[in-house]
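Chain naming follows the written order as A, B and C, and within any one chain the residues start at number 1.
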Amino acid sequence: MNMNEVAGNLLIKVREQKPLVHNITNFVVMNYTANALLACGASPVMAHAKEEVEEMVQIANALVLNIGTLEPAWVQAMDLAAEKASRKGIPVVLDPVGAGATRYRTETAKGLLQKGYVSVVRGNSSEILALSDEKARTRGVDALHETEDAVGVAMEIARTYHTIVAVTGPVDLVTDGETILRIRNGHPLMGKVTGTGCTATAIIGAFCGVITDYLVATASALAYFGAVGEVAARTVSTPGSYMIALLDTLYSLSPEDLIRQVKIDT
Amino acid sequence: MNMNEVAGNLLIKVREQKPLVHNITNFVVMNYTANALLACGASPVMAHAKEEVEEMVQIANALVLNIGTLEPAWVQAMDLAAEKASRKGIPVVLDPVGAGATRYRTETAKGLLQKGYVSVVRGNSSEILALSDEKARTRGVDALHETEDAVGVAMEIARTYHTIVAVTGPVDLVTDGETILRIRNGHPLMGKVTGTGCTATAIIGAFCGVITDYLVATASALAYFGAVGEVAARTVSTPGSYMIALLDTLYSLSPEDLIRQVKIDT
Amino acid sequence: MNMNEVAGNLLIKVREQKPLVHNITNFVVMNYTANALLACGASPVMAHAKEEVEEMVQIANALVLNIGTLEPAWVQAMDLAAEKASRKGIPVVLDPVGAGATRYRTETAKGLLQKGYVSVVRGNSSEILALSDEKARTRGVDALHETEDAVGVAMEIARTYHTIVAVTGPVDLVTDGETILRIRNGHPLMGKVTGTGCTATAIIGAFCGVITDYLVATASALAYFGAVGEVAARTVSTPGSYMIALLDTLYSLSPEDLIRQVKIDT
């Protein structure tokens, strides 16, 4: 079975199984993330209090951690939730938003990786470079490097922490430290809607919630969201309408259309 | 006067009086809730610090408490605000989001009821069942039970805590422990937009802010939002556009149209 | 060069320089603010932890403080960030949301002004009046006074704190304590979308991030957002669609169109 069919089948699985995705994420994207997960067919829940995160993980199929608006109590809750998720064996997907922009973000993201909690980490090239000891700069939450600049570091992180690393940009790359998959789906207008990177991470969570091959799940999720971005751009060209069209298309894109559209280089 | 005319008249009152609705609600829905209340004709305000909630209640016409993304400081603020609202005599409307999914949510919601603060509680069947001592399960924030499964428990809660209980689902039911009203408005696509339940609760707050008969206000608010959901679904069928169409229709639905559309069984 | 051309040129500068705007803002508007800044051409970042705000200010071109959903840790972070921004010499733009509604908001906003951190403060007439020692009332976050009622107080605040004061309403006024500019752009439907005032403040931040004449930058930003509101209202008349049309038009309005539309009385 080729990657196109794999991606199509995983979309069907998400819509059938409706994985419960527990998000500890940033304030900016909470609403959009929840709507995007619903539109995919998944079931979102947000909970961040140390009083309840472990119980919520107990009923979840995937845990998504996003450091976009961090504070100490949230870091503590992420640790508790990730530890529980690891023990339970559900995927932990990390979005190191703004790693490299401040030490607090860089150290928090690295800490989660070093504890061995993370199944998949997805960031732009600057964020991924910041997770290694190489010098990298992030301007706020924007990438200042090319995706391909991060290939070596991505593979090293994947091997060191036994995790999948996804570097997203004009071309996305996903690696387990051995294999590299490149995904050529997507549209530039996605960069004009806040939190599309965070949305990609949440969708990776949903896909990892229905299959244990996280390399394939991550690449499929990125191809799906990229294909959605392409279809949405056929009818609208301004960011407000595009933000809404993305949600509409996450919902309406059929597995058959997805299979036709996937562009993954293996 | 029948319930259809009552609902239409209450909508007119909300638009004329513009009740100030003070929300202590979850991060996911804050923006959508504020926009929905504005679209109805009400005036929303969000404030959650213990330093100011009592002063904000002092100028408000209704208080809405929503436990969707709880943490201890917020629970403390909810207590302060609810106590003040009770003394002042304005309605306190509770949304027990995810009660049954974690003990923290279940206990917080029960605590507010037990202190006698709550005028109206609105949840799905699982959430309402979780507020009794009966066994119930909630999957994240989704209902796992039928609305009618919760009739007995809803009536018991209403009598025990002298509150109105609304159980929403394909058919909504509202009870004061004696009378049961069933509302047959609504559309399945509402379940594909995050926070439509929370929006219903906020609109109940607005309607209770203009009349002291909370049973009638709650049923009317649910019929109004349900009718809005039906009208919005006539022109769009995907969740992003539908989310926007709900806001548009909350604003544009006339009292006359509402009167024609209300389906409340008394 | 007249104000129309100045405004057009500033819009070009924002789109070319993509100023990084660091927001410590309220939960209700975070997503919309980020999308509005992106649509303008600026680059938004949100960060509120005392562990990282100073580092984020270090890479930012403007700092926007908004007290819409305040709590003590956020006030502390605002102080740290504003002190750093002042020393670094980047603009600090304050939105005193709900000043006058509670003492906590009034005192926090006044405190930031008194410490001399604030380059520009933008509020409705009630909020600005509340910052003086004159008696004023704010109903939640709504104005209860006319813009022109606040002229004297606005000029006094501008002189006392060496800041630009913008009072927005049907007509906006901007003053440095000597000159008064009145901006006659805008549309009533903007009041039906939550956070349009906060959005105006964030756009002021973006414009102040590319020029040191904050009087001119503030007036230009308000004329731009007002013009966007007028254009968006040509095609839609309901608040959900209008909220989206505002984002679309922030992105698509050309500098030439802006120059034609600006209505600033000097």
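The criterion applied here is as follows: a contact is a pair of C-beta atoms (placed from the backbone, for glycine too) under 8 Å apart; a residue touches a chain by one contact, two chains touch by 3 or more.
Nothing here was measured: the structure is a model prediction, and the numbers come from that model.
Comparing the residue numbers each copy contributes, chain A and chain B share less than half of them at their mutual interface. Superposition of chain B on chain C using C-alpha atoms only gives a rotation of 120 degrees, nearest 5. With each centre defined as the average position of its C-alpha atoms, the distance from chain A to chain B rounds to 33 Å. Residue positions of chain C touching 2 or more other chains: 27, 30-31, 243-244. Note for the complex: chain C touches chain A at residues 20, 22, 27, 30-31, 34-35, 38-39, 43-49, 51-52, 55-56, 59-60, 73, 243-249, 251-252. Interface residues of chain C, counted against chain B in their complex, comprise 26-32, 68-72, 98, 101-105, 139-142, 192-195, 238-241, 243-244.
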